[in-house]
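Chain IDs A, B, C and D follow the sequence of writing; residue 1 opens each chain.
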Amino acid sequence: MNKDLDKKVPLLEVRDLETAFKIDGQYHNAVDKVSFTVDRGKIVGVVGESGCGKSVMSLSIMKLLPKGAGEILGGEVIFDGKNIEHLSEKEMNKIRGKDISMIFQEPMTSLNPVFTIGYQIEEVLHNHFNISKQDARNQSIKLLKSVGISRAEQVVNEYPHQLSGGMRQRVMIAMAIACQPKLLIADEPTTALDVTVQAQILDLLKDVQSVNDMAIILITHDLGVVAEICDEVIVMYAGEIVERSDVRSLFKNPKHPYTQQLMNSIPKLDAEEEKLGSIKGIVPSLKEMPRVGCKFANRCPKAMPECTEITPVLAEDEKGHEVSCLLFEASKTEEGTKIT
Amino acid sequence: MLKYTLRRILGMIPMLFLISVVVFTLALAMPGDPFSGEIDPNNTDPEYIEEMREKLGLNDPIHVQYGRWITNFVQGDFGKSTRYKMPVSDLIAERMPNTIFLGVTSLAITYILAFAMGMYAGRRPYTPGDHFIGGFNYFGLAIPSYIAGVFAIYLFSFQLGWIPFQGSVDITLEKGTLDYWISKIHHVITPAIVLGLLSTASYTQFLRNDIIENSRKDFVRTARAKGTPERKIYNVHILRNSVIPLITFLGFDIVTLVNGAIITEAIFTYPGIGQLFLSSVTNQDYPVLMTLTMMFSFLVLLGNLIADILYGVVDPRIRLD
Amino acid sequence: MKNKKSLYWLLAMLLGLSLVVAACGGDEASDTDETDNTTDNTEQNDSTDTNDTSNDSDENQSDSNEPKKGGTMVFGVDSEPEGLFNWAFYGIVTDADIISLFDEGLIEYDENLKPQPNLATWETEDNKTFTFKFKEGVKWHNGDELTVHDWVFALETIAHPDYDGPRYANVQTIEGAEAYRNGEADSISGVEVIDDYTIKITFDKARVNNLTNLWTYPMNRTAFEGIPVAEMSGSDPVRRNPVGLGPYKVENIIPGESVELVPFEDYWNGEPKLDKIIVKVVDRSSVLGALENGEIDFITVHPSMGPQVEKMNNADLVTYPGLAYYYVGFKLGKFDNESLEIVEKYDKYANKNLRKAMYYAIDRETWIDAFFSGYGKPVNRPVPSAHWIAADDSELNTYPYDPEKAKQLLDEAGYVDVNGDGWREDPNGDEFVVKFSHYDVGDPQYEARAKALTQYWNDIGLKTELDMVEVNLYYEMIEKDNPEIEVFYGGWGTGADPDPSALWKSDALWNYTRYDNPESDQLLDDALDIDIVGTSDEKRKDLYVEWQKIVNEDLPMLYITELEETVAVSKRMGGMEFAVSGWNNPVEWYIAE
Amino acid sequence: MEVLTEKNTKQTPSKPPKSMSPWAIARRKFVRNKLAMVSSFFLLTVMIMSFLAPYITTIDITRVNIGQMSLPPSGEHWLGTDKSGRDVFVRLLYGGRVSLTVGIAATALIVVFGTVIGSIAGYFGGVVDSVLMRFTDFILNFPFLVFVIVLNAILFGKLSGVWVLIVVISVLGWGGVARLVRSKILSEKENEYILAAISIGCKPSKVIIKHLLPNVLSTIIVQATILFATMIVAESGLSYLGFGVPTEVPSWGNMLSTSRDPDVMQNMPWTWIPPAVVLTLTILSINFIGEGIKDALNPKSYR
């Protein structure tokens, strides 16, 4: 394919992706014209509070939205030079698990409780390669070892309920990297785990990334995690990208008030007693989402009157650092409002 | 597993004991004299009757009578039918194969239909196909089996002539030949469907709902993310999970079959245990009645046990020890 | 059965039969309805002699076609057989019907219920000792030749202390049977074998009805060889491989659902014409459908189905006289089972005019039309018209429907409405409620017809309450004179022997009304007394007519109706004939098409 | 669920709409469920007509009218008459009275008994629990129909027929409810607010009635609708077999049992099709109502 032709072509390019839920006969966008790119071998963090469309976005890329629970209304997803939003289910299946794989937030429920670990890992191999049972078994043991499971020979014959949460997430990772995908989408892979295990899993992700030279989209609400392993960061709020930058620049100089507030709420391991900053209010539900103006306006400490009238756009404020806020000139559009 | 099974079987003993006491009490409470069948009905001489009552132990204290009955019962001596004049065990052995055949066929049909319809509807919820199956189910749940049975005979036997209206086999066929078995299946199919109607409807509905629920589970998303084809997701990942709770129904199935066979066999003149039971109640054939009641209770216990064991086998999360 | 069963055992069976009926709650047989306590029609369902041309038997199936060979006849029965396929052991009419297809007895009964020779002829001088001569060369299905030893075997089986069937009454009267049963003798002294084909039977005393009460069904000795009497009823020769003497033999039995019969080549009395007879059990609810579709060629139907069968294109309804009557009885006293006497008399229904009024109040014609589709007619005596002793209606009161006369009788008897509530009080001015009971087998029609009777009484001002009692309980309550039973519905079936003693004598357990009239007792005794009637049927009949006049006037019970037997016969069947004694020999049956 | 426990300890169903109580939400959801509403309407109509039958018609339903037997439907007899000359329509109404009475009474008895046993077992646990549950198992292990038939045969004539049936099926039917309530109570018992109530010294009966049962109520209601349908079917099935209500009492099952007479079956459909249809529709509507209630009470479902 063209990957050899042009290294600079991004691995994944998302353009104006729009995913909506139908409530009472009306569409409400959960992902609202989101565009970004992911380069090969890079780790991109996507942060934001719960309910701001991160997961829906990642599922939209995979076309894994559950039936009746969301529709992709528009936009393009170009993976490896190929527009995958228009692929049939069958063609998509050839990509899922092989070129793009995904791990999920809940290791407890993401594994099928009635099949052995071995079966579930081998399945992904069988899905994409013509491989004998024995080879698949050996391969899965190898994979389990590679994700740091020492008793891999036993674990292949065990069932998910016999493993701890961290173990299961390792299994998920093993499954995800089984076909050496080019892109791994990790949807809050550590949220459900306890802190020490979180760190191990993050380390593991980093390891497998470097070994396989994968790109990773790491979805999280934890900026600490982002700081630790990501190359780039996308901050999402209410279905939109409000800020996007490389990790260094973002942490040094968070521009969007939302980002700034998120940063304040990072717990610090050495200062447990300290009161954490928090953002007032919650993400508005889809139905209550303002159609005009900045969606963060009502929670924004720096809100200005025009914030509820003019819809900001995501624009480059300084090189490699994009933001969508009226505090920054670039975000002000000529027409002033944007109708969604 | 073995230990568990043994423990459960041991646990059944007190239960069976209690049931046997109840059965015995019920038999004593039934109108008429439970053992009068043993007494020569020609002889109305009161002296003779008294003598026979003494001989048969009917004048003993109740606990002694119970002790005698249960001792014989445990040793496999269920007494002699007062109506058929033959040992109850022989009588039951004569009818049992028919009922087992009916039950097994009914179960097979139930599960095949329930799986076919439940999987179809579960995969395509809220489509016309699903609604059609749903409608069928609601009627299956609502139509009492005797109405369905009588309708079936009139429609399929008398109007269309597709199925026989009575019996378990064409008597003229040589036992054991292919035709014989075909004839047996031909005779059993409609009663079996009628018998399984309620279960079919409820299992279909259950399976459909469970499949829909399971299809929203995280592990299904995982399987999709792995690139597993839709068909395999439904037929392997979801189904395997949805089947597990169905297994527990197997215990109920036995109860349903026992209860249902009574009505179905009567309507289809299918000579099995259910018909025997009904006639033993109406004819006050106490030895048969008591044995069958005990047997049914035992079957129910056994059904629950089998269901529990199967559950342990099928669901890796359950450990039986 | 033909005959040999005395009324006694019929009555005895009644107890058993009531059980049968109960079964019908579930798988109701169409005609069990009536069979319940009328000891069922077993008596009738027997092959009559082949030579016995059915003069007055109702309809005649035989077309002008020549009897053809071949074909399979499907013989429907409407309740499940118990599988006791032997005359000595069977308990219900279904089994008897099936037995009569493959076995027959020494004598049989003609359309006047008079014994006729079949496998044997007899001679007697004094009605005490009978000499029977067997036909030679008659073969059992297993190839044995029939000899008198088979009969001796049957008699000794029934008289055996271990015998658990209901037929002992049919050998009880043979001299020495009692001793044999008590184990005091090795053989029955009244049974004397002269040679293989000749035997002499001596009874304990001379009676006019000794022959009709005698057991005349041989049993095959080889088949039962080595089987103790106690185990016979459950044994193979009874349940699985019965051996008979009839034109068809049992090929295969599927318990509870069907029996396959094939022709017996060595049958002594002609050549069976059918290739096969298949007996099928048909649930009552399927009877009409099965007939209409030609699935069955013959079945006994309940009278209420008669009109439907008559409408069918492929089956005919055949009716023939029955041997049962139905009545409404009054408990007039209490019976003591130990001393066998009536120990107490009740007053409530003692007034004859009250009973008469209740009789006149019933519109029997309409009632029979309504509930039995008209296949029956009112009777005025406790003897079915088909019996040769039946008194002619011209000699009896006929009690036609006459509510005005009923009211008048009540007024005269002092049952008048004194408190103006619309209901009559008794002569003392106390509340009077007729308590009417009817057995319940789960058939709604029973309740309706019972209810209809109470309405007739209500209409003449007698307050009547209906109580439907579960059938098993019902007969027990009646027999034990349970005070809950006051006025009750019932029916009796009679056998070939017309003697009503067991139902009417004041010392009889089954005299349910506890009717106590020395004159009646005397007449019944006289009719059996060989010294009085000798061998003259006429004399005997005269006595019975006298007796009928008495009970017709006394009305311890209201005789309601006698029903016709109704059977459905496929139009393709030929050679089937019916008379009061049952159907003709199956050897005559063929498929005409 | 949390909302329910937190805000609504009093469980007054009529709360101001502003902070809608779960019951009000459920009611709104139920009212929006068309199928359930149509079913409710149907069931209500059937019930009202049945229970008001004596006021609708003054005909003596038990009277046998020999001149009017087996008449097809006409202006005078809307659904014709049966073989006893009784008006089918009138019998249908009275039959509904009996069948519904059996259904309602048996369901009520079963629910009450099952709930009492289940909550006691669940609340106290330990020995009480195991004794009661063994007993429940024991009852559950009777083949229902078998014992109903046998018990009915025994009690026949000793009690008025309809009540025999109600008592018998109730006595044998409560096991399932008891189990269900017990398991619900067991899980509900672990909630802090219950522990709190116990720790401040509430009497067990008060804890059960005031705190535990309201939270189990929705499950019981759903179960009760299923039971209601089951009991109606049980009545009709038993009556059909001849072990139900006495034949002189009209019930849907008894009316249907006349179809065992082939003449009635084939030639007088007007006598048995109406009860068959009404029975089926009644059960159907009860099922739909049950589904509706289940949906309405399920906080996860939204419409």
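As a working rule, a contact is a pair of C-beta atoms (placed from the backbone, for glycine too) under 8 Å apart; a residue touches a chain by one contact, two chains touch by 3 or more.
None of the values given here were measured: they were computed from a predicted structure.
Asker: Which chains contact both chain A and chain D?
Answerer: Both-contact set = B.
Asker: Which chain is the middle one, judged by CA centres?
Answerer: If we average C-alpha coordinates per chain, B lands closest to the whole-structure average.
Asker: If you tally the C-beta contacts for C-D and for B-C, which one comes out higher?
Answerer: B-C
Asker: Return the distance between the CA-based centres of chain C and chain D, expressed in whole Å.
Answerer: So the centroids are 47 Å from each other.
Asker: Centroid from C-alpha atoms only, then distance chain A to chain C, rounded to Å. What do you get?
Answerer: Roughly 91 Å, centre to centre.
Asker: Return the distance between the CA-based centres of chain B and chain C, expressed in whole Å.
Answerer: About 39 Å, centre to centre.
Asker: At what distance in angstrom does the C-alpha mean of chain D lie from that of chain B?
Answerer: The computed centroid separation for chain B versus chain D comes out at 24 Å.
Asker: Two or more other chains touching the same residue: where does that happen in chain C?
Answerer: In chain C, residues 25-26, 285-286, 289, 470, 473 touch at least two other chains, as defined above.
Asker: For chain D, what residues touch not just one other chain but two or more?
Answerer: Each of 153, 156-157, 241-243, 259-260, 265-266 in chain D touches at least two other chains.
Asker: If a residue has to touch 2 or more other chains to count, which residues of chain B qualify?
Answerer: As it turns out, chain B has residues touching two or more other chains at 31, 150, 154, 266, 278, 281-282.
Asker: Which pairs of chains touch each other in this structure?
Answerer: By the stated definition, chains touch in these pairs: A-B, B-C, B-D, C-D.
Asker: Across the complex, what residues on chain B touch chain D?
Answerer: Interface residues on the chain B side: 15, 18-19, 22, 26, 29-31, 138-139, 141-147, 150, 154, 255, 258-259, 262-263, 266, 277-278, 281-282, 289, 292-293, 296-297, 299-301, 304.
Asker: Which chain D residues qualify as touching chain B in the complex?
Answerer: Touch list, chain D to chain B: 134, 137-138, 141-147, 149-151, 153-154, 156-157, 229, 233, 236-237, 240-243, 256, 259-260, 265-266, 276, 279-281, 283-284, 287-288.
Asker: Of all residues in chain C, which touch chain B in the complex?
Answerer: The contact residues of chain C facing chain B are 8-9, 12-13, 15-16, 19-20, 22-27, 72, 80, 82-84, 89, 91, 164, 166-169, 233-234, 239, 252, 254-260, 276, 278, 280-283, 285-286, 289-290, 292-293, 295, 337-338, 470, 472-473, 476, 509.
Asker: Which bits of chain C are touching chain D when the two form their complex?
Answerer: 25-26, 28, 284-289, 304-305, 307-308, 363, 366-367, 370, 440-449, 451-452, 455, 466, 468-470, 473
Asker: Given the complex with chain A, which residues does chain B contribute to the contact?
Answerer: 215-219, 221-230, 237, 240-241, 244, 314-317
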